[in-house]
Amino acid sequence: MPQDDRIHPSLAGFPVALTLPVQWGEMDAYGHLNNTVFFRYFESARVEYLARCGFLEAYERDRIGAILHSTTCRFRRALVYPDTVQVATRASSAEEDRFTMEYLLVSLAAGAIAAEGTGIVVAYDYRADRKTALPKDVRRLITELEGW
Amino acid sequence: MPQDDRIHPSLAGFPVALTLPVQWGEMDAYGHLNNTVFFRYFESARVEYLARCGFLEAYERDRIGAILHSTTCRFRRALVYPDTVQVATRASSAEEDRFTMEYLLVSLAAGAIAAEGTGIVVAYDYRADRKTALPKDVRRLITELEGW
Amino acid sequence: MPQDDRIHPSLAGFPVALTLPVQWGEMDAYGHLNNTVFFRYFESARVEYLARCGFLEAYERDRIGAILHSTTCRFRRALVYPDTVQVATRASSAEEDRFTMEYLLVSLAAGAIAAEGTGIVVAYDYRADRKTALPKDVRRLITELEGW
Amino acid sequence: MPQDDRIHPSLAGFPVALTLPVQWGEMDAYGHLNNTVFFRYFESARVEYLARCGFLEAYERDRIGAILHSTTCRFRRALVYPDTVQVATRASSAEEDRFTMEYLLVSLAAGAIAAEGTGIVVAYDYRADRKTALPKDVRRLITELEGW
């Protein structure tokens, strides 16, 4: 997914930011975007980040994959169609076998933050069927993306 | 997915029938089940049918898979939460490389048909990357399921 | 949803065309966009069309709403993430109480049509709780949009 | 949604527990239930709880509605089709204008917990357009449901 250069100022400093149009059918019976849609947006940012830090390749090459260990969302503002959102993510910390991501979701219609979230991603060795250390390349690319 | 013995009379004669609870979040901003949800229910019945006629096994064994060529839905009645639906499917005809499925969706709250649909499933040889004939076992099992 | 000026040549002549990024999570266990997602895309185009022809306003003003009577999809090409699609719609005919829409879905990655569909939209008087004639304004705007 | 009497022992003590069949189309390209589906299941339990504690009625009567302030999920086990899950919820604490819910999701195929979650629900006065105290009836019913 190509990144948008015209990102909202709130998202400055996030290495990955996507621009996504809100679809009418993402609203639920309360007339607002359903809570699961926020996690879909976070996921889209996460997948882009995993591509950027080489985690998708690590899976293709060594069957070391990224597993979502846990995730959270703090809803700040109800979203409605029509709108366009920007969702950004960055890694806030890394440990031996995992790293923590932060998500920020902006409504362009409101010009304001709609939600904040987090996710913990764990490295998993699908051949050995157990958790494993973050691949070295992945760790290096995260460090570069984040300027650590 | 286990089949329910207490199926609605409209669904008599269908070899596959599933009972599914409607979830609140499947409603859209009009307060009715979104049209895509009807296709999700049809899909659940189709997958069960593909399991029953050996098509899922054919893919595991020979990489002959079932591809959805086209599908239709005629909406008869708006659905709302809370409700429980029953979705049934049967094959209405088969040709060399495909068969046609009929779907029927019943609202138990209304005791009435909510939608009818169709789907055409085509056999695809994933190794040769082209359409192929229906596997013999699949054809035989469809014939048995349908009492042709 | 703003329309994109750089639409695929296949979509020339369609009064409504949207550009939508494919999201990773729209793929199912076969690694392709799930069939329900095609109907979500069609719906997004339909809602934009209903806005353009005054049907959303008719509901706000007179409780004359647009109901999806039936819909179809012919899948031409499997879609995968990453990709961007364009989905366009036009009215192909209108009757007293309904009109028929055509949908066309293009994969920009493939530069080719991924799916074609249809939908029949019926006018519904929510106060009287029965089908009704298409509102005059709506009929006029459809005629204008389509150049009939 | 009717409650199931044969609930998994892990869910004993939860006043609300639903039994839901996993649908094939809820799996994503990794062949596991997508993370958003866990939040859909939590939502289904939450809506049932809101019905039970009178919050849906409070909205109909006084436009005091329940807003999801934040939610979390800790994924314990990947889920695949076919399976049936049970999702249960209870209130763990209540404050002036909000209460905290706990969710537990069990895979019947595995006979084990698949996920745990939380959600904070805030009372919102839609007429005054601001947060408000939990309606008295709601607070009383929660206290009864939880045996506080």
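Order of writing sets the chain letters: A, B, C and D. Residues in each chain are counted from 1.
Simple rule for what comes next: a contact is a pair of C-beta atoms (placed from the backbone, for glycine too) under 8 Å apart; a residue touches a chain by one contact, two chains touch by 3 or more.
Just so we're clear, the structure is a prediction, and the values are computed from it rather than from any experiment.
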Query raised in the report: Which chain's mean C-alpha position is the greatest distance from subunit D's?
Result: C
Report summary line: Comparing B-D with A-B, the one with more C-beta contacts is B-D
Requested in this report: State, to the nearest whole Å, the distance from the C-alpha centre of subunit B to the C-alpha centre of subunit D.
Outcome: 29
Query raised in the report: Roughly how far is subunit A from subunit B, going centre to centre by Cα mean, in whole Å?
Result: 34
Report summary line: Where subunit C touches two or more other chains at once, the residues are 24-25, 34, 36, 40, 43, 81
Report summary line: Listed in rising order, subunit A residues that touch subunit C in their complex are 1, 18, 20-25, 40, 43-44, 47, 81-82, 84
Query raised in the report: Inside the complex, what are the residues of subunit C that reach subunit B?
Result: 30, 34-37, 39-40, 43, 65, 67-75
Query raised in the report: Hey, which residues of subunit C end up touching subunit D in the complex?
Result: 24-25, 27-29, 31, 34, 36, 81
